[in-house]
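In what comes next, subunit A is part of two complexes: it sits with subunit B in the first one and with subunit C in the second one.
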Partner chain A sequence: MNKIKSFFTSFIKKDATKTVVTSLWCALLGLILGFIILLIINARDAAFGMTSVLGNYLIFSSHSDRLNYFGQALAKTAPLIAMSLSILVCYKAGLFNLGGSGQYSIAVIIITLLGVGANMPWWFVLIIAMIGAAIWSMISGALKAFFNVNEVISGIMLNWIALYLTNGILSSNTSIWDSAHSESYRISSGSNSFIPSIGLEHVFAGNQIVGLGMILILVVVAIIYILFKKSTVGYELKATGFNPDAAKYAGINYVKNVLIATAISGALAGLAAVLNLQNGFTSWRLSSVTPEIGFQGISAAFLGGLHPIGIIFSSYFIIHISEGGSMITDLGFAPEVASIMTSVIIYLSGFTAFMKEMIRKNEIKDELNRLNREKEKKS
Partner chain B sequence: MIITLSILSFLLAYVSVLTITALGGMFSEKSGTVALSLEGSMTIGAFSSGVAMYLLPTYLPDGLCAIIVILVAIISSGLYSLLLALACITFKANQTLIGTALNILSTALAVVIIKQITITEALPVGNSRLSFNRFYEIFNFNLFGLQGVRFNWLIFIVLALIPIIYVVIYKTKFGLRLSSCGENPSSADSLGINVNKTRYIGVILSGLFAGFGGLLLISMNAEWEFANGASGFGFLALAVLIFGQWKPLYIFLGAFIFSLFKTLSVVYPSIDFLANLGISSYFYLALPYVVCLIVLVFTSKKNVGPKALGVPYDKGKR
Partner chain C sequence: MEEIYAIEMLGISKRFGNILANDHIDIRLKKGHILALCGENGAGKSTIMSILFGLYEPDEGVIKKEGEVVKINNPNDATKLNIGMVHQHFKLVDTFTVLQNIILGEETLREYTNNLNIFKKSFNFLNKHLFKLIDYKKARSEIIEIINKYDLHVDLDKKIKDISVEMQQKVEIIKMLYRHNDILIFDEPTAVLTEQEIQDFLKILKNLKKEGKSIIFISHKLNEVFSVSDEITVIRKGKYIDTLLTKDTSKEEISALMVGRKVDLNSKKHQKSIGEEVLRVEHLTIIDPISKKKVVNDVSFNVRKGEIVTLAGIDGNGQQEVIYGITGIKKTSGGLILLNGKDISKFSIRERMKSGISHIPEDRHKYGLVLDYTIYENSILDRYYEKPFSKYFFLHDKEIKKYTDHLINKYDIRSSNEGNTITRSMSGGNQQKIIVGREIEREQDLLIAVQPTRGLDIGAIEGIHHLILEQRDKDKAILLVSLELDQVLTLSDRILVMYEGEIVGEFKPLHVNRETLGLYMSGAKKAIVNAIKEGNDE
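Coming up: the complex of A and B.
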């Protein structure tokens, strides 16, 4: 009995558990606030609206519909995981990657030109897109390392430059641009550039957008986990992030590490575009604002406690409620209600450090009290 | 002549939007809090004043309406910036994260509420675009009585505020105390300055100014698509603030250079020489950002920003 108890207390005291608990609190508070907003907008349908947001595909009555939309949710989760990992890698190295949208856009250009335009093999398109995005991201890294330009600002500037570049290049090329819908053509399921669905579509009621990408992203999560847990490269990145001056003093090359961090995170942002476009699910739509996914990645990364495994769950959660949000338009609610919920959740997850600190202080207090009591007993 | 004048009025309006927002951000950053949420504050100012312009009844006199709209813009965005202050100053949260969250939240809030108020029988889901023709007429007058040249009188307010802000920052007790909280909060605290209170004031001031910037931005037009937020002007203002090296006069200069290129992207088709070059419009749209990056390369080497920028004040570390 005592053993179980001690196991349980040590489990609760673990840092990871605290992170999970605080993240769950944030998610719950965000959802409650979302519900209140729905109540204000339309009290009569609010409960049903909330069920739709939370239930997402579960509200469908047909089994195959449910499987189909579950597959769609999974397929949309994969790119978000990639984007969150991109934010994570930079964050561990002490950089904030706000340029994810730009890196994503650059990969979109490459995928559309090589995939839709030239029908290249999918793995080739994937590699080139990731390299392209990595190089774009390294502009930010180089400006930081050599000219001390704040990476947040350069990232934002590069987002806008990439946005106009993508709009300009794709829309001027009639073979890849569908001007009637002002978006680029999608990669069709028969083409060489389509990521193979390796039979997974049979599991998800014939939904072909689920495929090899699912396995790919899990492999990438594992690689990033090992990178920071076991490898020298990851250790040096973390050291640079923790204290750049101390890292320099210990002989870690600062410039090299900033470039590596931005390159990896750019490649991951490029992978997000690959997973979003090369299953024929979306394409580039003419837009006057930078793609949302770069900012969603920040939400998922922080809600996931900045841990590769946590990111899998937080990304799925964010996709789940934003997909659910798109189902409540019939009730007269704007789908952006889901976006309010996620942004409130990110806002609250900013408080996690403080919350953990409070838990720690309480523990110290308890420990001191216990010691005092023991002392009294003895005397 | 008319083209030149209208280009000039475009240019001045952009300069004013960027200057006032960046100066607002300066109050926040000089006191030590990163002003990444300028975009969100602008969006809130724009959206709340947009809703006011949409809802205000026509029987109220124009002057009164204008005052109400201005007050709504600055007060709502001032209140919104309290969210930033609470998280970043009191609860010591990551400032980039909170800024990003507030930027997303502002656009989402604006879209949800505007879609709700634009619902009609014919349009059950609503629309995130608002038009406010009456207020376009109120805020923009015909310069020298010329048809086709519109001039926004809110610009005069901005021009009047610049010297006032300069004096407040450099010549008053409050301004110097504000700067000391961003440079060395520990010694400011040891001299009896309440660091957190001063930082709260800095953040709230930045909200007030950014809200005004948001109103000025949308009142240059007769309608606005709120799904685009403040169209990235808040981010531009932040860049202007950094390459203006946190100094009011440099900020004005930076805003001017930036606006020159921004205006170019709007008016280049009417300049024969540029239109004949046959360069894609996207090139001109991207140009201001490219210029901004290049300027940043030359101005960032020597870090001149407030030393305690982005670092929450911890009394225990004194």
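Coming up: the complex of A and C.
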């Protein structure tokens, strides 16, 4: 019994546990605030609204519907994981990747041209898209490394350049542009460029958008985890991120590391586009705002405690809530309400650090109380 | 007749959570005397002085002023009792002028006066109910009086951010005198000063004593303590050890009391034959990219096996830049750097380290450690890419742990969680031991140590001195940069004095005294020196 207890206390005291606990707290707080917002807007239907947000696909009565939509949630989670990892890699190297949207857009151009236009094999499209996004991201990196231009500013500017490039290139090409819907054609399930479903569609009631991508993203998570845990490359990146001066002292090449970090993170943002487009789920819509996923990735990365494994769960959570949110429009809630709720949760994820501090303070208080009690016992 | 004490602190105890910072400490300051309070870092010196100044409340004990028990609950009470304190980090407002800083909180006020009778009514209202004007004129004349009396010349109209640290300290002193304080507390006042400034400061202390002020002076630099104090109180690990008359004791006795065992800072090194040349710097010049000034100007010297060459000088005279130039952290504008006969001046930082340089940098937080890394990760900071620590891009945790544990044992690195401790949470001395251990274990031909004992206490300094001498005896070439004359004189085999980017003097420690060195360091004396010594001149 004591053994279990000591295991439990050491488990609680671990830093990783604290991060998980704080992330859970943030999510819970966000849900409560979201519920309050629902109450203010439409008190009568608020409870039902909340259950549909939380339940998402679970509110469907038919088993196959549930599986189908569960599959859809998973398929949408994968690209968000990729984007969060992109944020994470840069963050560990002391950079902030706000250019994820732009890198994503560049990958979209490549995928649409090579996939929809030329029907190239899926793995080839995947690789070229990732390389393209990586090169785009390295523009920011090079500006930072050689001229010390703030990567956040260059990233935002590159986002807009990439957005209008994508709009322009795709919509001017009639073979890939569906002008009736003002969006590009999707990659059809039979084409070469379609990521194979490897039989997973049978598990998810025929939902073909779930496929090899799911396994791919798990492999990528594992690679990033190992990169930072075990490799010299990760060691250099983290040293550069924590203390660039000490890294320089130790002979670590700053320029090289900034370029590596931005390249990896660009490639991951490109992977997000691959996982979104090459399963035929979405395509590029004519737009005047940069793709949302670049910013969702930031929230998911922080809510996931900036840890590759944590990101899997935080990404799924965010997708789950926003998917569920889109279902409550029938109850007389404006579609924006769902966005407000998810935003609240996402903003609270920024409180992770703050919550961690609160937990630490509580621990110190407990420890002091314990010491005092012991002293009293003695005297 | 019983002696009258300006201040008596009797049986003072103070506990912070689990730590007993002061354990029944007695301090007795005689009127018109200078009492030095000595102890290592963390001995509780600052705590007891903060209690006297009302920043902390003691858990036990009484404070008496001139025989009467007083209560000091906050700094205002202390000021009322004419107790003033200069903190280790000055409490000045950067953007205010000197004059404004001095009178801050003690402003002399005057009422609105005017010749415009029409507004008289409203001015009356303002005088009565709102604010008054600060009487700068009166304050200025009072302060100038103090300045002349104590010889504390500062420019009253300059802003604090534009004046030197030495001047800022004078401002702090004037601040106390302006408040008519007669008990003055100085918390490590010389830590931020250069050798010459320290001499001036000690003169000021003597002046203050002459005028009848009673002074408590916290320091662990024994030279200063012995040159000004009347009595010395030693505390160690929060406990009162002893109070001795300065004239009846010796530096050796006091340092032994401080550390709790005999220490030997002047560890007499035995003579050592000097071997062949390892580092040779010829006509090294470094131009600062922003100011376009030559921060290092045509510097030439060499370091040979089994020799400790020290670059001495007042902070900021180009010593650090010479090291940056040799290690590759800063770009050089001209000159040759030869390591074992090979020109490394075009090499990258890593290539230079690989060709035989170990480097203990001057700033352990900026350069020496990645503070958010664990001891494991920091102990391989400049060799993680080598075998056996990594192979094909993968780190070998087992080897890293083995090596780190070896460092921890050999260099007595203390931490809460062994190798897994995040270095940010460790004490300065132990952080420094990681760096010193790491660099010494790299076993390179040239060891560069820049202010290796900065901010450490006597026990730790002794350890690091010992390690550096041991390396010299192992036939390593050692290039040392130090701002402390004691260190320069005890460790060096050759002293090169730098002034404004040039080497202005070369000495053997046995043939030079502190005064001469001081003259060269301040630029009062100058020689043209080519400090390359050929062959074995010993």
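FYI, the second predicted complex is superposed on the first by the 358 of 379 C-alpha atoms of A that agree within 3 Å, B and C clash if a C-alpha of one lies under 4 Å from a C-alpha of the other, contacts with A are read in each partner's own complex, and residues count from 1 in each chain.
Quick note on the criterion: contacts are C-beta pairs under 8 Å (C-beta built on N, C-alpha and C of every residue); 3 or more make two chains touch, one makes a residue touch a chain.
Just so we're clear, the structure is a prediction, and the values are computed from it rather than from any experiment.
S.K.: Subunit B or subunit C: which reaches more residues on subunit A?
M.R.: Looking at subunit A, the partner in contact with more of its residues is B.
S.K.: If we overlay the two complexes on their shared chain A, which of subunit B and subunit C does A:Ile209 touch? Say first, second, both or neither.
M.R.: neither
S.K.: Mind working out whether A:Ser288 is in touch with subunit B, subunit C, both or neither, as first, second, both or neither?
M.R.: A:Ser288 contacts subunit B only, not subunit C.
S.K.: In the overlay, answer first, second, both or neither for which of subunit B and subunit C A:Gly168 touches.
M.R.: It touches subunit B, and subunit C stays clear.
S.K.: Where does A:Ser231 make contact in the superposed view: on subunit B (first), on subunit C (second), on both, or on neither?
M.R.: second
S.K.: Pick one for A:Gly251: touches subunit B only (first), subunit C only (second), both, or neither.
M.R.: A:Gly251 sits against subunit C, while subunit B stays out of touch.
S.K.: For A:Ala239, decide between first (touching subunit B), second (touching subunit C), both and neither.
M.R.: second
S.K.: Would you tell me the residues on subunit A in contact with subunit B in one complex that are also in contact with subunit C in the other?
M.R.: none
S.K.: Where on subunit C does subunit A make contact in their complex?
M.R.: Counting only subunit C, the residues touching subunit A are 17-18, 327, 329, 348-353, 359, 361, 366-373, 377, 381-382, 384-385, 390, 393-395, 397.
S.K.: Which residues of subunit B touch subunit A once you look at their complex with the stated criterion?
M.R.: Touch list, subunit B to subunit A: 36, 83, 87-88, 91-94, 96-98, 100-105, 107-109, 111-112, 115-116, 119, 124-126, 227-229, 231-232, 235, 238-239, 242, 280-283, 285-286, 289-290, 292-293, 296-297, 300-301, 303.
S.K.: For subunit A, which residues count as touching subunit B in their complex?
M.R.: 37, 41, 96, 98, 143, 147-150, 152-154, 156-158, 160-161, 164-165, 167-168, 172, 288-290, 295, 298-299, 302, 329, 332-334, 336-337, 339-340, 342-344, 346-347, 349-351, 353-354
S.K.: Enumerate the contact residues on subunit A facing subunit C in the complex.
M.R.: 230-233, 235-236, 238-239, 242-243, 245-253, 368, 371
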